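Going in written order, the chains are labelled A, B, C and D, and every chain counts its residues from 1.
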Amino acid sequence: MAIRSLSRQPSGVFWASWRDVFKFYFFLGTHSRRPKLFFLLSLVPLAMAIIFKGSQIIYGYPRFSGLFIYSNMIMMFFLQFLILLLTLFFGTSVCREEVEGKTLPYIVTRPLHKIAFLLGKYTAYTLLVSIMIIFSLTLSFIIMNLDRLGDLSLYKVLLRDGGVLLLGIWCYAALFTFLGVIFKKAIFFGLLFSFGWENIIQYFPGKTQKLAVVHYLKSLLPPLSQEGFPFLLFRLEPTPRGEAILILLGLTFFFLGLSCALFAGKEFIIEA
Amino acid sequence: MEEIKALELKNVSYAYGRIPALREITLSVDKGPIGLLGPNGAGKSTLLRLLLGFLSLQKGEARVMGYDVAQETRRVRQIVGYMPEDESYIPGIDGVTLTALLGELAGMPRQEAMKRAHDVLFYVGLGESRYRLVDTYSKGMRQRLKLAQALVHDPQLLLLDEPTSGLDPQGREEILALIKDIAAHGVQVLVSSHILPDIEETCQEVIILHQGRLAAQGNLQQLKQLDFSLYELKLKGEAEGFLAKLQQQGCRLEKMEEGFWRLYLPSQLSARVIFKLAVEEKVQIRHFVRSQSRLEDLFAQVVGEEE
Amino acid sequence: MRAVVQTEKLSKYYGNVLGLSDVSVTIEPGVVGLLGPNGAGKSTFLKLITGQLKPSLGEVKVFGQPVWNNPHIFHQIGYCPEIDAFFPDLSGWQFLKEMLRLHHFPEEEARRRAEEVLKFLHLFGDKDRLIRSYSRGMRQRLKIAQAIAHEPQLIILDEPLNGLDPLGRRKVIRLIRRLGEKGQTVIVSSHVLPEIEAMTKRIILIHQGKIFAEGNIHYIRDLIDTHPHIISIKCDRVRELAAALVKEPEVIKIFFTPDPQEIQVETQQRDIFFDRLQQLILQLDLQVEAITSPDDNLQAVFDYLIGEK
Amino acid sequence: MTVREKGYTHWEGELKESRWVWFPLTRLGIKMAFQKRFFKLFYFSTFLPALIFLAGIYISERLEDFRFMLRGSPAFLKITPNYFKIYLSNSLFLFILVLVMIFVGGGLIADDLRFNALQLYFARPLRKIDYVIGKMATLSFFILLLSLVPGVLFILFKLLFAGNLVFLRHYPWLPLAVVGYSLVLTLFFAAYALALSALSRNNRYASLMIFGVYFISDIIFNIFYQNFHHPYLVLLSLKLNLQQVAAGLFGLSPPYAVPWSLSLGVLLGLVFLAFVILQKRIRSVEVVK
């Protein structure tokens, strides 16, 4: 009996699996209902930006500069709320969605490398989140800075912020993917982590704050003005930029690696 | 006094949006076990849902055990026990709590509901697992649980939607035996199924739906009357000569599987012919059943096999 | 013939719950029916040979290779799960095409195959409807479609006839037979005996996590033929027939049943018995209603092996 | 001798139509919440603030004995309606209620939708409204136990510790305010959690939304307020609306200069919206066209 495809190179299967899984979940993500809700959520800052700018143009109020509002409020909303909520949903979905929706059998009986499946779906979903966030961020940024779009130095800010958010998205999503692989109640642990741990630890003095992911993200941003949220600002003791980036990437790879190792070895028992 | 009909429908139509599910159904059925038969998507579940008032009638009138479905919905729901088709249960509680809860919701006093819940769980064969979480039940056990919850308030009418789906033969036999027993104890039963033998085994009256229309209705025995008699034979020995001679006599033959044949014997011939030819041709008839023309054929005849 | 699936002392425990115990089988091309009551271990077995579960003990080989974490092998395996679950918000067509894409087929070929198999299973007309709005039977067919669309050598169908109406069943049964005739290996699990009988002669009986019997239905039948055989006869004037049968040496016992039109006869020499019976029917000019062997079907084999009789 | 008849037995009894048909649902919901060990622990720990406030009341009557602790700021321990307002509307207390809603409310309807339980319920003489009342009563139980019960106890203990009715004579309407505000809290949170639970078939997404919507409303308020300093923006924040209403009902000036009746209006509007959602989402069968 001829077995046509068994002769293929293993590494070829790995990349092909990654590619096809990626395409499938990207397609699924853009065609299902639930992600659409999150897309709407990601547009909230954009709506805020429009209101602020509109009011500034019409009433000349608020008096803060567009850039100030953008980086102290809108950007912080993205960083400390929105990306957490979105990655929590999509990150835990990578594995949980298949188990809860009982669709895992369709996936694991395809010629797909398990690790490539996890990575492919992770890539698809984080890319989806990234697109939503960057789309909303860029538009918010442009709207808030409508009056000085010619100033090229501004775009450095946008690039930096975008970069920080992307790093954050990929790192958080990896962490939540990991939670999704090991816990049934991944969302609860994720909520506790994001809005409990991350929120409290970052304000601790000394080295303790380095135990929160958001610490490294904030280290990449210039210190915030005291005028915005004074309570958010005490005692950030930033980590040097290069180190922070390395640690974020390291965490991403660490949690992804851990998820892959666990996922490839774990059996998911799906009851009829 | 006029006997109350189990079921009376007048011009009942229902459409999901533009897709019609039931069209102009008019029928009336006397008491006695009723089978509701039809292929997937024929409108069986829609009809049951209308009877329960889950869907409100768009056109026509329906009465269940004499009660108007649209006007007396609560009364109807009180006297009806419903076993839905799809998997359904309340997660996180044990079997007896679930059954008692639903009994209580039907209007039983709490202690009575609890007592009765134990009784019906024993009755359907879940006695030993009644304290287990329903989430850990197997498929067959969930099926029984659905039956138990439909019986807990001792309904006058029991609506069963695909009661045997997903059961193994033993489980199926047991459920059918329960249904027959329930019917024998004076509960009006309506079984919706596409599994013909289920209906054949439990029902007297049958309603056949096809594409939302009433394809046939009446007494099962009468519906099965055809102008030939159908036999199922299992033969041993060299059968060619025997079969050829049968065909010469005007019989139609259909091969089922290895050694099994279906023989349509014209009504003017007697079954004796079969044995006579068998002895002549030295063939052994190992299995011989006068089939009432299987419901499957009736079904194919009424519905027409699309191919 | 070459073994497609081979297991060696395969066992599976879920924690301390037994799933499958010491199963050693060899499955060759053609249709094989996997029979057993609910909870017997059929699904566990199918999940083990499709690499969804890791064996606790023993090993599984498909096409001579292990299956657990061996993705290439799935080019040649099609699996139809028992669970009625799909990806949300997709149409039948999208689902099928995307599943084919996961087999690394190029877009064009995925389209062609999806179209073909949809037509084949009479779903083409509803291809653009959301799966959620499909009827149970349509969903069942769609699940089968995704298992055969990539033309695998080994097709594993877990309860494929569940929820199908008679016409749907006939079609699927015919389809499975045709696949078997084409030389593909089809493993079908079911608990509906006549349907397995209609598909194949080769069965594996599984119960309590163990294989109780394996092989040809007739072979299994013969295996248990050592015990006396009961034949039930329904006709008019049964007592006359009984009186005549008493004289026959091959008849061991005659029972009367609550049905006045029925007797049951126990014999150990069926050949002689059936010859005599036919002659007696003609001699006595009986109106025969039925001649059946209550324990000549799969159910009886089953009961016998499980020890319920 | 009589032998028990084999087979199906009928039930000798009469089905009653009760106005309390929904009560079994409530009982079940409460029972199931307490089945989770983690929840039990969590819920009992939420009574800690109430105990501390109770201790405060005791100390207020025994100021002499505790003077060493106070270091000259006895104003804090004057028991006025403000004391009640602080207990019943501080941010931590409201946050605890959100967590309780996530625990108890997240799956309350979502799980029923997911496991097709609605058709079992509605095959009984149970109206949609009974179902909703039953589920709401479950949530109300947990909220009232944290709000109304401590509130009433505070008043009772204040009177007990004081040994006279002076306190009540000063604030005769206080019990009413406690009851009224507890009811607002209960109605709002129960309707809010149920509506979000009914929007999804998945317990965990429902939980995420119960959490997310509450906080997003507050963050949006904060951001806008930073910029516009317009007090009417409080209407955007669920938390602040509740706090405004609390201040109003306890006869205090609200934290933001906006009539508290507007906040009440917003909350009632949301409750109405929640009922519309419930009405739409709770069906005995899901119909997909």
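The definition used in the following text is that a residue touches a chain if its C-beta (ideal position, glycine included) is under 8 Å from a C-beta of that chain, and two chains touch if they have at least 3 such contacts.
Just so we're clear, the structure is a prediction, and the values are computed from it rather than from any experiment.
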Completion exercise
Between B-D and A-D, more contacting C-beta pairs sit at B-D
Handout entry: Maximum centroid distance from subunit D, chain identifier (CA atoms)
Key = C
Handout entry: Inter-chain centre distance, subunit B versus subunit D - centres from mean C-alpha coordinates, in Å
Key = 48
Exercise for the section: Take the average of all CA coordinates in subunit A, do the same for subunit B, and state the distance between these two points in whole angstrom. Expected result: 53
Handout entry: Where subunit C and subunit D are represented by their mean Cα positions, the distance between them in whole Å
Key = 55
Practice task
Find the geometric centre of each of subunit A and subunit D from their Cα atoms only, then give the gap between the two centres in Å, rounded to an integer.
Solution key: 33
Fill in the blank from the handout: Where subunit B touches two or more other chains at once, the residues are 139
Practice task
Could you list the positions in subunit A whose residues touch two or more of the other chains?
Solution key: 34, 272
Completion exercise
Listed in rising order, subunit C residues that touch 2 or more other chains are none
Handout entry: subunit B-touching residues of subunit D, taken from the complex the two chains share
Key = 7-11, 13, 15-18, 21, 24-25, 28, 32, 35, 111-112, 114-117, 119-127, 283-285, 287-289
Exercise for the section: Please give the residue numbers of subunit C that touch subunit B in the complex, ascending. Expected result: 36-40, 122, 135-138, 159, 162-168, 191-193, 197-198, 201, 270-271, 274-275, 278-279, 281-282, 285, 287-293, 296, 299, 302
Exercise for the section: Going by the contact rule at the top, pick out the subunit D residues touching subunit A in the complex. Expected result: 102, 202, 204-205, 207-208, 211-212, 215-216, 219-220, 222-224, 226-228
Practice task
Sort out for me which residues of subunit B touch subunit C in the complex.
Solution key: 38-42, 85, 138-140, 162, 165-172, 194-196, 236, 256-258, 271-272, 275-276, 278-279, 284-290, 296, 299-300, 303, 305-306
Problem - subunit C-touching residues of subunit A, taken from the complex the two chains share - result: 1, 3-6, 8, 10, 13, 16-17, 20-21, 23-24, 27-28, 31-34, 101-114, 264, 267-270, 272
